[in-house]
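Both complexes below contain chain A, partnered by chain B and then by chain C.
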Partner chain A sequence: MTKKHADAIVVGAGWAGSILAKELTEAGLSVIMLERGSERTTAVEGAYPDSIDELRGAIRKRLFQNLSQTTVTVRNTIEQTALPYRQLAAFLPGEGVGGAGLHWSGVHFRVSPEDLRLRSSVVERYGEKFIPEGMNLQDYGVTYAELEPFFDKAEKVFGTSGEAYRVNGKIVGNGNIFDGDRSDNFPLPVMKDTFTASTFRAAATEAGYHPYSLPAANASSQYTNPYGCQMGPCNFCGYCSGYDCYLYSKASPNVNILPALRQDPGFTLISDAHVLRVDLDDTRSKATGVTYLETKTQKEVSLSADLVILSAFQFHNVHLMLLSGIGKPYDPISNTGTTGRNFVYQTITSSRVWLPPSKYTNQFIGAGGVGVAIDDFNSMNFDHGPLGFVGGSPVWVNQAGVKPIAAAIGTGGGGTPRWGSAYKGALIDTYKHSIGIDAHGSNMAYRDVYLDLDPTWKDAYGQPLLRMTFTWKDNDIRMNQYVVSKIEPIAKAMGATKANLVHLNAGQPFDTRHYQTTHLGGGAVMGTDPKTSALNRYLQSWDVSNVFVIGSNAFPQGMGYNPTGMVAALAYWAAYHIRTTYLKSPGPLVQA
Partner chain B sequence: MKIFPFLAFAGGIFALSHHTASANDDKTALIEEGRYLAAASDCAACHSIKNKPEYSGGVSFTLPVGTIHSTNITPDMEHGIGKYTEAEFGRALREGIRRDGSTLYPAMPYPSYARLTDHDVHALYTYFHEGVSAAAIPTPENGVRWPFSMRWPLMFWRWAFSPAPAKAQEKTLHEFADAQMARGAYLVEGPAHCGACHSPRGLAMQEKALTASDGTSYLAGGAMIDGWIPTSLRQENRTGLGRWSEQDIVDFLKTGRNMQGESFGAMTSAIVHGTQHLTESDLHAMAKYLQALQPFDRNQTNWVYDPTATIALRKADVSARGAKLYVDNCAACHRTDGKGYPAVLPPLAGNPVVMGKDPASLVHVVQTGATLPKTEAAPSAFTMPDFMHRLNDQQVADVVTFIRHAWGNNASAVNAEDVAKLRKDMPPRNMADGEISIN
Partner chain C sequence: MPPKEPTLTRPLRRSFVKGLLGSTSFWMVSGHSHWAEALAQEAQKPYQPTFFTPDEYRFVEAAAERLFPQDQHGPGAQTLGVAEFIDRQMESPYGHGDNWYMSAPFVQGPANLGYQLPFVPRDLYRKGIAGLETYTRQQHGKVFADLPSAAQEQILTALEGGSVSLGDVPGRVFFEQLRTNTLEGAFADPLYGGNKRLGGWLMLGFPGARADFMDWVNQDGEAYPFGPISLSGETA
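And now, the complex of A and B:
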């Protein structure tokens, strides 16, 4: 039987996959994109006003992964036995066309330039001994200047709203003073401040910090992107994260790329196709295609391809590499192997302060990507010397819109009533007069925090589950505590009458039962040394050169910023080098 | 059209030495010209059906007299038009006479096609015989009741209402001295057959006017088709194109959307199969021509935006009939000021469709929703959901009445009985292919 062939197969129909599929079809390749979940359309998932049903949306996790088919197992430490993550809580991987790019909130950062060379930067300033024992601190192997054109391109495709600080060396606006130089302004003007954001902006300025507007892939006006795809403007309804935006104003692969991509005769999208493995030849150094399961018919199908792009969610990419035998699995005991190494997260805590009853913060208003932040305690923007930790954290007011059920669930507990008139009073007070402030920080990589295949648990398709070994480490807990301590004076300057400042505690283990963030990273990281990275600086597998692995799996450590902007830029970066170099002469772009 | 630069290049090199290559090039160019004219004439809207070979017919039309089906116009010898000579093809196209001599149902717009030049008929004939693949698909039997099933009475209709091609061509050709206007007149009155839907019809279902020079009833708005009301394409300020710029008209025909509104209903098919494929210069010619059509209804006061409703809604005053329903169901996209977010989410304030005398289109859009299909130039397809599962007839009547009264709009109120009647005959939300969009 002859297998169906495509020049390139793209696994996963989220941002990374859609960008690579678009770039590769532009280059004239035939591309098949495989998506495990089903088709998703704004006409159905975003049909107003039914789409903003919170119970069906964020509470019952309409757009997220179906854990009854496959999930991960989780443990905190190597000596524990991992158990399956059976209910979505701590992190929420997407499923279906658009992937996490359909349910995300829209915060669209670039990267702090120093974060790309964090190891070098820390060593230059504080010496090698500053790095704690067991921390696998690494550089990305790519510079901000190299990635800049691709950040710019991604912003234009996403229709990102924001205010720049510096364009081509010239200060042009009130943006983030810690940002790298930009080649162009944001394509859309900055979104308006909510009342809480402007309150935070004033207080942070008063405290001597440098507030800036979060770059938002929530369109501040109608927009047509370079692919001809159109967006409507955001009306601050608050139904971003967890929802398909009915106004077509939150950037998603579905709105910003796929309408153009679907018109290309070289492009085929197959949904309900769960990829089981990348097929390798006998040398195990070349991929021959992929095998997937048609989930509706339970039939296995093999496709052949010259090029395979893994662009599923971060840990699904790592899982597929492990299942397929791409690269050597990481072993924390011998500290060898790279697939599964440097699994990272983000260190996020959410605090809340209350203003007097005369100030209405109207928490129901919001937009997922909108807010005001300070970077004074992020990345290498402050002196870590006396503090003794690596990393940092932006602090922000990101009023994304608190929905009614979330407000009700979020009130009470911790010694305060969960029912009765006191509960109701607190609920109303919080909904009308409170402000959420997050410390959304970095998370370093450690020798004993990693991903591998679970020895016991299997998914519905008979394949071993991916196992996460993860917990909070002292370096990141102290970083979080330090940054959260900086919120108090800002809260006072905001006129807060009450504050509930939340930080991690020493020795606190990772708890999967509460939502933290879906910003998982690492596990198949990019770098310059094949001993410590699974991918080279072009996100090409060191071991199987016709496999590129695109996603936050490539981050050597977790950064303080939201990852989507970086993922999109890395996707365009990898695509550029595939188009300009790899396709002309397939093979390793960097000699190991 | 992408083929042309290549042809020019190839022709340049081989023209002198390879006579046959040049002849082939001429043939290819003629086929391409025919393909373009077929798009301009929107043949596919009636003769192509989704998931069947192109132009193999079978599209059904429900008429008061029964159901008729479009025919297979591929070059298939048995089921298609393979046996037609060019003269027979031209006679069918321009005069409505079949190869066997019987008369075509005037659903085929031969009174408009009568204007087609001999050259364009030749190009279309060449395209339909050499540019389209033959498909051996029989045309379904028509279900027309006797006595309407007899075709011979149609002959009288044809004699009475269908112009002689030579006269029709002369008339359209000489309406305007300006070349661009003349081109616009040719396209609108001829191949594009806009009047088939947008002109009012007389007692015998004949178009009351077939050209600009036949009087102001030409393109002054037609009767309901498939549940939709074709608007006036003349210069009425409120219900016609009086406030549309030339570019607005071009954008609408190219992409189905502009700063004034978006396509829905039967027009989406005309855009998807037809007008989006026209060149910029042809679209500008059509727009210029349409802008020259004086209003049929000369008594319309100019529409001016009135902020009263907006101010009331912003003060949370929802006392007006339908105002609260509007805020709860419509305002998220169309805004409390009714201006929408064009060209993504269309405005309701000042929209000619909203102010039409017959509210059927507006009611149907609210009931069934509407999908704006993608075009090559604008790949984003936007869908308005249906509201019938949320709103009863009275509520639809109330919210539609609010929309027809607010922001300077001044159309008549709608009652629940009207809505109930329209509910019985609802068209699909995407008239282009019956499917919702993937976006």
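And now, the complex of A and C:
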């Protein structure tokens, strides 16, 4: 039997996959996109009022990955037995058409230019010795100037609202003074400040910092993107992070790319198709296609293709590489191999300040990407010399819409009651009068923090689960503590009656039970040296040159910013080089 | 899209129409299956538990009320229908642990690596309640619901602190399950059986399904002026 063939197969229908599928069909290729989850459209899954039901949405997690089919195991150290992540909590991977892009929040950053060359930058300023033993600090192998056109393109596709600081070398507005130069302004004007955001803005200014509006992929007015896809203005409904936007205001692959892509005759989307592996030829240096399971019929299907794009999300990409034998698995003992190396996350801690009872913070009003931040303690924007750590953290008020069940579950603890009458009083006061302030920071890569296959547990398809070995390390804990201490003057300037500044504690292990972020990174990183990166600077596998692996897996370390703007720019960057160079003469774009 | 007739109609209050700030499209969404469910639930009072036995149900009612008591701040779990909410949740996919990874082996480890028991929520309640009632009878000679509030609080404090073992289920795990579901019942949309008369939302000043705040993004710390509305259109 001859297998069905496509010029390119794209695994995963999130942002990364949708961008690649769009670019490759534009280049005239036949493209099949395979998505393990079900079909999803805003008109159905996002329909009001079902979409704004907290229990069904963020609490029962209807849009997220169904762990009963597949999950990961987690341990903190190499000596431990990793145990399955049985209930969604610390991170919430997506599933279904649109991936996590359907229910993300929409904070749409670029990158701090220095973060792309963090190793070089640290060494230039503080010398090689400044890097702690066991930290795998690396450059991306691509510069901000090279990526700029692709950041710009992604913002135009996403319909991003924001205020620029500098465009073509000219200061144009009140944006982030630490931003890299831009070739154009944001496609949409900045979103309004919520009351909490404007309070933070005023206080941060008074404290001597440089506040700016978060770039938000929540539309500040109606918009038609370069693909002809339309968005309507966001009304701050507050059912944003973890929800499908009922107003077509939050950028998603479903709203901003797929309506155009679905009309292309060269494009086929197959949902309920769980890819089991990328098939390789005997040399193990060329992919011949993929094999997937039709989850509805439990039938295995093989497809052949000239080009395979893995865009199944950071750790699923690494999982598929390990299951398929793409690249050499990383071994922390011998410090060899690259698949699974440099697994990173982000340090996030949420502090809280209370305003006087006359001020209502109306926390249920908000939008996922909206808020005010400072970058004074992010990236290389401050002197690390006397501090002795690498990395940094933006600090922000990002009121995405706080809903009552989440608020109730999260109130109490740390010496305050978690139930009973005193708890109730505190909950009401906190809900009505407080402001959340996050330190959302970087997380470095370490020799003994990595991904590999679990020796014990299997998924519903009989394949070994991915194993995460991860914990917080001293460098990142001290970074977090330092940045959190900088919130104090802001809290004072806000006129806070009380503040609860929360930071990581020395020796505190990573806890899978509490939401952190879904900003996992690394594991198959990009770079210039095949010994320390699984992908070259075009996100092409060093080992199997007709496989490109697109996602935050490419980040050599976790940055302070939310990842999706960077993922989208890298997707357009890789696609550009596939279109302009690879397709003309398939093979490695960089010689190893 | 031409507006369709709503399949179910309820009296509209003035405040509701005002509160929608002009977007009456809400009422044009027809066939919202939850409405029928919500109304049917209202009709069949008092609630008859389907998952819990009458004794278990008495326990859930009493324990939820201690965790979330009626007080000067507002209604407690009993008034809000929390026990009914939990009973109904046990019959939902969630009660059966539909999106939990439940493959063996089940190996216990450090708490920070998360839940590792072979039990779904239904099992946790069945075993947890049995274990706690055994403990309560031994310590106090009565079932939990028949104890004075102070004794109930003492038991829940011990459970939360981890000093009570319930056989297969660690006391702390059962406590967290009960606390989480109690709070869900106090604040979920009333269509799930709790948050009766929107009492939970009223306490917090949460406007429920309004989901349109164009004119209240920043009013310099003024309280949002409108009361809550539920998915089925109930106002308070």
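Definition applied: the second predicted complex is superposed on the first by the 590 of 592 C-alpha atoms of A that agree within 3 Å, B and C clash if a C-alpha of one lies under 4 Å from a C-alpha of the other, contacts with A are read in each partner's own complex, and residues count from 1 in each chain.
Keep this in mind: contacts are C-beta pairs under 8 Å (C-beta built on N, C-alpha and C of every residue); 3 or more make two chains touch, one makes a residue touch a chain.
For clarity, every value in this text was computed on a predicted model and none was experimentally measured.
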Partner chain in contact with A:M231 - chain B first, chain C second, else both or neither: first
Which of chain B and chain C A:Y48 touches, first, second, both or neither: both
Partner chain in contact with A:V172 - chain B first, chain C second, else both or neither: neither
Touching partner for A:V301 - first (chain B), second (chain C), both, neither: neither
Chain B versus chain C as contact partner of A:R262, first or second or both or neither: first
Which of chain B and chain C A:A493 touches, first, second, both or neither: neither
Most chain A residues touched (candidates chain B, chain C): C
First (chain B), second (chain C), both or neither touched by A:K432: second
Which superposed partner A:K458 touches (first chain B, second chain C, both, neither): second
Partner chain in contact with A:T71 - chain B first, chain C second, else both or neither: second
Interface residues of chain A shared between complexes with chain B and chain C: 47-50, 235, 237, 246
Residues of chain A touching chain B in the complex: 39, 41-44, 47-50, 221-222, 227-233, 235, 237, 246-248, 254-255, 258-260, 262-263
Of all residues in chain A, those that touch chain C in their complex: 47-50, 52-55, 59-61, 64, 66-68, 70-71, 74-76, 80-89, 192-195, 197-199, 235-239, 246, 355, 358-362, 364-365, 403-405, 407-409, 418-421, 424-425, 427-428, 431-432, 456-458, 460, 509-513
For the chain B and chain A complex, residues of the former touching the latter: 328-329, 332-333, 335, 341-345, 371, 374, 376-383, 385, 390, 436-439
Complex contact set, residues of chain C against chain A: 25-26, 29, 32, 34, 66-69, 71-74, 94, 97-103, 105, 107, 109-116, 153, 156, 160, 179-180, 182-184, 186-189, 192, 200-201, 203-207, 209, 211-214, 216-224, 231
